[in-house]
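Notes follow once the structure below has been shown.
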């Protein structure tokens, strides 16, 4: 267990993962659930355990739409999307640079992309 | 500062009747030692302790003042110690602001069941005050013992 | 001149082994005012007490200091001894030289020194002790119960049984409360109405019980043993004394489209109505928001059909004033409103209902006569999803932070009843935790799973979407199999959190009782005084104090009744004389003391004072009701001018102790 | 501005809305202004003054005045309205008996600051476009207005009138002030440095009671320091302890009620920065129990007569800042 990484996620996300009461409403509400290897509630639980390595290497990181449905619905105010975001940032920073610059996004857009994905992409990559 | 081994501080402890005074009794019942420097004054509730009493103690020669009350939420009068907590926090902050040594004042929550805690708190407090030496910053010279 | 006697106890060797008791008696004999200073083997023994009594008489003592064990042990013993020798008991002070001296110190010299100092402090204090007399205040032998649900009914019945008059104030037209709306009760599955309605009738027929239905408490004055309460009897436009409850008016009333609150708005009633068949009192009430006669003066059918002439359109609110010795609060609970939970589609889909609505849907006296039908199209539901913890255990402003306690059990009950009555129905229960502590509770829940094949799924529902075909898509997570589910449901039942009734907070203000941040009444002690409020004479019954099921509610209701009876049995109450008092000449009238008083013992009044320049001035000054004050002293420190002081622990007494210790 | 006030005051007197007017009165010199009650239009014409020197907070006088027959007109600067509200909240001022006109406040100037420049024999001071023309018996001197601004106005907290029946001039807003800077500086000193600082200040106290008598929060019928029964009464400080005692207790008694009007320091003949003690309490209350401005309203619970079950423990005092 990497304590520094856990602390870093705690700080960057601003989320207290110990508030989770394991109801799973985040995962129940998640539109990307089926795409994900680890689901929102697992993110919260695994970060709480400090079991972050598998998350860093999981495709789930990039499947989160950052639609904030889980944040909106969580009865305990845990804000899972922010945890996922923090893990994602950890992964991105680990590799030394930002993989996607805002300038590159216009070229990558295609017409079938949902509007929300575009907005959330900006939210994701302009940190 | 030079620690004077022979310095015996005067410690005044205000204890609420329902929890801390009973806690002090319990540490007696269990024969748990703490220094004889500590003299207890019984008050109905920690919220009865007026800042005037604390200053008065320092004036008359006390070297340390400690207030003990029921744990927050357990007050016999339901809310007394919550008021105590605010008042005493502000008072201690003011004394600190005026440059009075921090370890001369303390507030502790001791329940009627915590005889051991009472003794431990008093041992620690007396030791801390001993390290500070006699109260010189908030004394009344006229009351100084020769 | 004070004449003080000092009595130093050996307590066998308990004190004498580490404290030189003779030296203590000798040292204290030189203190100012001390005329006699003695030591004795066992001061608390019969002969020890005789010694004190004789000294009081012989030396004409004005104060007594006993150096012995903790005052928590024998203060009362010595106070009684002093009183029997003719000395005011509050002129006795104890110096604790056992628990706080001989038992904790090993060095005889330092223990003796400390004992002397503790003795000196007690002598210094007793110099300033004033004789105090415990006041007495009479007890009015009548109780008020606020709220006529099962809690209020049980409390009233128990108090009446003990031989005291008791009034129930109920804001609705009938007593019965939430239990009257419930279909079956867990874990026995007996019919709620069958066990409640006899109690309602019993209450109405008991000659010691007066029911003020459709009434509210509008003002409370006074204190323990002597409350004066103003009750507002809301205009029901029907003369209660004449109405026979025949129901003819309700049949003939042309205004038939009024949402029926007893059936949770699932069907309609008339503008003049009797909430349900077994209502007590069985008296009609006219709803002024819908009655055409009251709104625009056109109709008057009910008045025409009423054979006893009970209809009175001119009726107005009436106020009655009554004195009570004790008040029991039984204001109960309500399910929270769910309109903020968009994800459950409660507001937009009629087939998403709360559990209390389901109770009515399943009740034989309910809108469907006991057949479970979907509210939207009146068809049988085949798949029903229950969602637990809706609004309970929530950390946000939409819900409540606490567990509502009853939902796990009633959901198991609903699931079981549905499976029993309609075995072709699939029932899913989404839970976070199943909490079933209680006699036969877990067995009950297991029966739902094992015998009735209710599908319990660990996980929460995330989204409920009504579909065009009338079905409802329920998207949820199954945390144990780690998958997201979609259930094609016919009905969704939400276990809404429960909250205290909205009338509780203004009532708490009137009663000067405390509430927690969730508006539940706070008990005087969470473990040892669970049915009393911190304010003397106010007792708590049922869910107004916290979420409770029926057995617990009834248990607490009877406990509150027992406490109230204990009070009403007394002819008068002795007050603790160590109470606060205000020096009116110094009081600024700033209200600081009033705001910190946990008992509402301090009131303000305008008084006329003669000023030094012979003019008169009207000033607002505090006065303490000694019957209500418990003597904590919070007010004495809040008071900047020092006008407020505490008997027995006055500013000067405590400072005298401080001085003696620091000298 | 003075003309507008006089005009309105006379109107209100004439139409019987009020029977007295509370304002400021000329002294021997223009800079020498005193709060005063006017009963007639003539008195107002003769003596009423409102200028850069009218600093005094009038609220405290209204305790007595609002208990007299008839209604009184009070002209309140923004900072005075806070004290006024606080006194209404404490039932000291009878609100119905006061007609409040909000008037623009400072910055006011402090004659002592001008005198400190070595300027003597002052007969009149004029503010010409933020340059002070100081007429003295020796001739005219000038100095920038802002160098003479009084201490209490230097860190003005609000230009907003929190209570009024009408306004003359424009209302303002709550300001971001730097009023806690000095408190913070002291907090960052060592305990010994703080002790030395306060001994240096408080040892000058001559117990003239000016701070207490001017303070709109110190309104006790009988002050504990004048009451022989209180056990702490003292006429003059006989020892350094008593110097401390007086100011600690005074600050504690006004804690949560002090509106930070700054009058205590303004009137101190020994220039002791007494407002720092009050600001220390205000700062602590703000950080520990949430922002609270005494006098901002008449209904909120005062921090010392209120509590939260999750309030911090007093040990925070011992854990923060320099030892």
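Each chain carries a letter (A, B, C and D) given by its place in the written order, and its residues are counted from 1.
Following the convention adopted for this analysis, a contact is a pair of C-beta atoms (placed from the backbone, for glycine too) under 8 Å apart; a residue touches a chain by one contact, two chains touch by 3 or more.
These numbers come from a predicted model, not from an experiment.
Relative to the whole-protein C-alpha centroid, the nearest chain centroid is that of C.
Set side by side, B-D and C-D show the greater C-beta contact count at B-D.
Centre-to-centre separation between chain B and chain C, using Cα means, comes to 35 Å. Averaging Cα coordinates per chain places chain A and chain C 46 Å apart. Of all residues in chain C, those touching 2 or more other chains are 596, 638, 651, 655, listed in ascending order.
For chain B, the set of residues that touch two or more other chains comprises 51-52, 56, 79, 83, 87.
Here chain D touches chain C in the complex through residues 67, 90-92, 219-224, 227, 229-231, 253-254, 301-302, 304-306, going by the rule given at the top.
The touching residues of chain D, when paired with chain B in their complex, are 183, 186-187, 191-199, 224, 230-232, 238-242, 244-245, 248-249, 251-252, 255, 277, 280-281, 284-285, 288-289, 303-309, 311-318, 321, 323. On the chain B side of its complex with chain D, the touching residues are 51-52, 55-56, 58-59, 72-73, 79, 82-83, 85-103, 106-107, 137-142. Considering their complex, residues 343, 389, 393-396, 399, 432, 458-463, 475-479, 482, 484 of chain C touch chain A. Those residues of chain C that touch chain D in the complex are listed here as 585-592, 595-596, 604, 617-620, 638, 640-643, 651-652, 655.
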